[in-house]
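Take this structure first; my questions come after.
Here the chain labels run A, B, C, D and E in written order, and each chain numbers its own residues starting at 1.
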Amino acid sequence: MPDEKLFIGSHAPYWHNGSSISAKSYDTMLAALPAVVLGISQYGAPALGVLALSVSCAMIWELIMNVAMKRPASIGDGNAAVIGLLFAMLMPATAPWWAVVVGTFVAVVIGKQIFGGIGCNPLNPALVAIAILMLSWESMMDFNDALVNYDFGFNMIYPLAAIKSFGASAVSDYNTVGLLMGQQPGGIGTTFGLGLIIGGLYLILRGHIRWEISLSFLASVFVTALLFNLSDPDKYANPVFHLLTGYTLIGAFFLATEDSSSPVNFFPMLLYGAFAGILTVLIRNIGAFVDGVVFAILMMNVANPLLDKIRPKAMGKGIKHA
Amino acid sequence: MIKRPFFSLGKPKLKYPVDDTQEQDVIRVIPLPDRVTFFLEDPYERNEGFLIKPGDKIKTGQKLKLTEDDKDYVISSVTGTIADISQYRGYLGKTYAAISIDTGDEEQWDDKFKEGCQKPTLENSLEFLGCLPGDTGFIPILDTHPPLNTIIINGLDKDILVSTNQLIVQTETDSLKTGIEYLREITGAGEIMIAVSPELASQAGEIDVDVKVIEPSYPNTLPEIIMKSILGKTPPADETWEQIGVGLINAEAVVAISNAFTKGQIPVSKLLTVINKDNTTVHVRARVGTHVKEILAALDIETYHGDQLVLGGPMTGHALYSEDLPILADTDAIMVHDKDNVVLPSDCHCINCGECVRACPARIPVNMLIRVLENDLYEEAAKEYDLLSCIECGLCSYVCPARIPIFHYIMLGKYELARIETVEESNA
Amino acid sequence: MREMIRLLVVIAVFSAVSGGLLAVVQKGTKDRIEYQQLKFVKGPTIHHILEGSSNDPLVDRFKLPDGKEERNFFVGVFDGKADVVAFEVFGKGFGGDIGVMVAVNVENDEIVGIGVTTHSETPGVGSRAKTDPSLSEQFKGLPIKEPFKVKADGGQIDAISGATVTSRGVCGAVVGSGEIYMRLKKDIIEKLKAFKA
Amino acid sequence: MAKTVVQEFTKGLWAEIPPFRIVLGLCPTLAVTKSVENGIGMGIALTFVLVCSNVVISLLRNIIPKQVRIACFIVVIATFVTVVELVMQAYTYPLFLKLGIFIPLIVVNCILLGRAEAFAAKNGVISSFADGLGIGIGFTLSLTALSIIREVLGSGTFYNIPVFGPSFKPFSFMIQAPGAFVCLGLMLCVMNMLGKK
Amino acid sequence: MSDYTLLAVSCIFVNNILLMQYLGNCPFLGVSKRMETAIGMGMAVVFVLVLAGAITWITENLVLKPFGFEYLRTLAFILVIAALVQFVEMFLKKSIPALYAGLGIFLPLITTNCAVMGVCLINIKEEYTFVQTLVSSFTYAIGFGLALVLFAGVRERILLARVPKPLQDTSIGLVGAGMMSLAFFAFKGMA
């Protein structure tokens, strides 16, 4: 059948809903924008510097790894930029340039690319980088030390450090609305609670993140903190305080929900969020670290493949098709 | 193409776009084609020793068989001369004998059926109605022991934008009625039901059977889901629907049964929905075996190099590489897809976003399945990740942000698995 | 069965030979190991409290039986006179035993210095007993017979803030050392004579 | 003969260098490479045991009954491990303390039993000696290389001597447990890349 | 009781034998490629380690210490453990074949598993009482099994991922183990 005109013979389906990884990445960045903008307005040029360096470094590392591994360039999907952005959001504004370079290297190369790139990373890359930095340069990652030269007219003691050293009485130095509006020291993009919630809701409504994880994480932080608070109100802070301080909100909406390292089935998602929440409060209240979100989520990332084995039975398992 | 809505929480909702029904009712009849082609499954890849050979005169309605022992046959839809019998390798590497017939001037009907089969009986049906327009799945329904308890008539269409069966329910209610009577006589089935969309529920109510209303949004209209939502069960492992006593038949085939026994002629025309590039649809009636080119020419649809030509709907159809391929007895639709809208698959790794898992009506862990399939672990895919539960709806590929051709991998997996099994059986 | 016995015999011979060999090596290295252990575990404390001594207290050591136990005494030579001995005693701390090295001048029964050797106290709180000299400095020059107590218990020693239990343990250990010292004083003086030359 | 002995020796340095080419003995590799000193110490200790046990097993290979060979190998290895343990306690006590239980754990190191089973039990004394020495030195080299990376980056020192200025903030992740795993994994990757050529 | 709880938390999580104490890494990387083998090995280790912990404690405190034979500890322990594994294998084969079918292939590997020997030595070094020894042996083994099973899950995914060629297999396995060890820092300071 000689015919000049040939048709594309791809496989069904022939339609696609138009979603793409890059759209997802850019939406995530858009959702992070309110928190980031507040961070920049508070901390000024240094914060902007950290953000810009982090995003660009992350993309450069990605490109270098693409070349080294002889794979097509993948910076277009925006995933590296998201990792860079999230990493910067978690950092204090005073972070030195070399820490950002090393951190993005760890995130993109060690955390993601050597496992095979997007979708292959067993742990959240940005959190891997933050955790490693926390272990290596403790004082740099300590917000009280790092932000010692800033004074914005509100209590400049990192809230979680305050309750760790002074117990629940320190809670009264902060007001809830203030915490929600970003009146607390912390990472560049982690303090503006309201912005993070808006961003998170946007992502949930757009279907880019799985609401089950965020919800169960927040709920379990609340419940666990409440139990601690009831057991000893002088020692352990109230649950709302735990929800609005530290990395809790960014963790719930941007970190725990990272695709590759979180479960996709319904019950595992709830369990994952719940355990991460419990662990977060445990670390904060009795563990060694000031903020537990980073390691709690990493720990659950590790448990993710096992959790995700809990899944509904497939329909008519074993139907033979003619 | 239905885009993802701006806010999308949960499963994709693929409502069937409702067209202007008035225009839909006009069925355009495609003129008798110059040449038709039929495919007969031929696993042996033989080339000679056939009962038929080029140059043979064929009448309309004549039964064509490759050898005396073969069970498979086709019914010629035209009168003419066999021009060519050649090999054709179709979907998933299946081999067929392609029989091309040049249409003669005058139509003559083969009267074997008329003579031999006045009565609708099981034997007659097995002998002549194996490839009715509308459904090739008729034989399994007939050929069961004991006879089926339940037969469901599918008044819905499998795929989005396709409305062939719906049109049949709408316009040929009477034939449907008689068809059901015949069907009851032939199969002795205890219960016959019809599944229709809500718009046609009242019309179907005139038929003297149980009417089941199915929300016509994809994938509710896939045969497996229809059966499941009507009967509330799925067959246990390693059994087919027929084995648990249930059969499904398209409404068009039921009408064809009715026409066959009332007119004494096996129907040879097929009703089709043609989906144009702008997603407008036209209904046409064409002889089975007509080449797609002639149908498109009759409708003034222009195609260009690089477009996509699909037999079937956008979710489950099969792409053709050439216009010179025929429509088959079970082709419900032809879709012409503009080259600008063609979805190009990517080589991205699964990003584990979970869209596919949420979309999957069969609750398959697609995120893991695609990983094992990419690594060619077909047996593990079947054993641990429910490869064989897939009902082939294509939603996973449809929603995948990484644009992985998941459905393609799944079909490849099933194919490879079947191949491994045959190899093992022949070795055993 | 015979085969089984043969195998067992082979293993037994192997084990015996190896045991014998090891016994020889152990015997050859025993003293050296003891010295090394003392040097690296107690050494720093001993050197610290016997600062300025002209000898190596780890080499100049002797053993005395005390009831069922055997105690190590380390000799410090000051100004050519071997009149200081240091020995280890244990007190009850917060997390277990606290080892305290006490050095005593046999001439006037005064404490030359004390130092904490081993402990399992809370890091940053009780552990300061070892690193913070403020507690051990208080004992310097006091007569060993005194019943030391922390001020909270009506005694004369300032406890380390927040680590009363630990401080109490140290005091208890020093009091205990006084008892041991008085008990063995005669023998100690006898032994010290050997180092005078 | 001479040539093969050399070959037996050199294969341990590159072609079969543990733990990169034959992935055995990971635990000490990970645990003791925090500093170059520890790495070299561990390497030497293991080399000694490996050479001695290889020689002895090779000598006795015709006496040892097949059924209990593993037990006999273990006894031989354990003997030399204990010798090393005692000697290290006597002469390099601080190192012994740092290496901790990893010295006695040489006895369960898969490399030793592996070489005994795969090589010494089948070959002559000289080749076994060469094999043991080669593998041992190879292991020492690997540990040294790994520990150089970890110590230089993780503590900013080389053999306890600072190599960067005081402004250097050590990347202490490298000397912690996760760093050990990641570092060894990446080194293995580098070795694989080199080996491909 | 809370002492034992703390000891258990410490042994399972805080001082996890595989990830924090670097013991037992050869089987860790060896059997973690498949979930079933990981579970089998984990159970075998729990089984043997409790017995080994008890028997080495008895050896140390009733034989070696009273006679001043502490220097023979290494030799004695390894022989005792090897013999124990042999007996367990024989016993299981005869008495509980079902269990033997599950654990059998892992038992010979355990003799050279430094986690077993290591835990026994730690028990002696920490001067645990007999009950503490049992608790610590059991919980260390549980920690081993937990880490092994979690890691097997991670590893199954890594095996399916597009890891660059030079990093495949053990290399990426080690990096993955490093990541897991990092995650286990979550429990730091809890006991």
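Keep in mind that, in the parts below, a residue touches a chain if its C-beta (ideal position, glycine included) is under 8 Å from a C-beta of that chain, and two chains touch if they have at least 3 such contacts.
Quick caveat: nothing in here was measured; it's all calculated off a predicted structure.
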Labels of chains that are neighbours to chain D and to chain E: A, C
Selected pair, greater C-beta contact count between A-D and C-D: C-D
Approximate Å spacing (C-alpha centroids) for the pair chain A, chain B: 47
Rounded Å distance between chain B and chain C, as computed from the means of their C-alpha atoms: 92
Geometric centre distance via CA averages, chain E-chain B, whole Å: 58
Distance from chain E to chain A - Cα centre to Cα centre, in angstrom: 34
Residues of chain A whose C-beta touches two or more other chains: 110, 114, 116-117, 119-120, 132, 135
Sequence positions of chain D contacting 2 or more other chains: 71, 75, 78-79, 82, 86, 178, 182, 186, 189
Touching two or more other chains - residue numbers and ranges from chain C: 15, 18, 22, 26
Contact pairs between chains, per stated definition: A-B, A-D, A-E, B-E, C-D, C-E, D-E
Complex contacts: residues of chain B adjacent to chain A: 1-4, 6-10, 12, 140, 160, 224, 228, 234-240, 303-310, 312, 314-324, 335, 337, 339, 342-345, 347-355, 357-358, 361-365, 367-368, 386, 388-389, 391-392, 394-395, 397-403, 405, 407-408, 411, 414
Chain C residues touching chain D - in the complex, by the definition given at the top: 3, 6-7, 10-11, 14-15, 18, 21-22, 25-26, 29, 32-33, 36-37, 39-40
Parts of chain E lying in touch with chain D, wherever the complex brings them together: 19-26, 29, 71-75, 77-79, 82, 111-114, 116-118, 121-122, 125, 165-167, 170-179, 181-182, 185
Residues of chain E touching chain B in the complex: 157, 159-162
Contact footprint of chain E on chain D as seen in their complex: 23-28, 30-31, 70-71, 74-75, 78-79, 81-82, 85-86, 101, 104-105, 107-110, 113, 177-186, 188-190, 192-193, 196
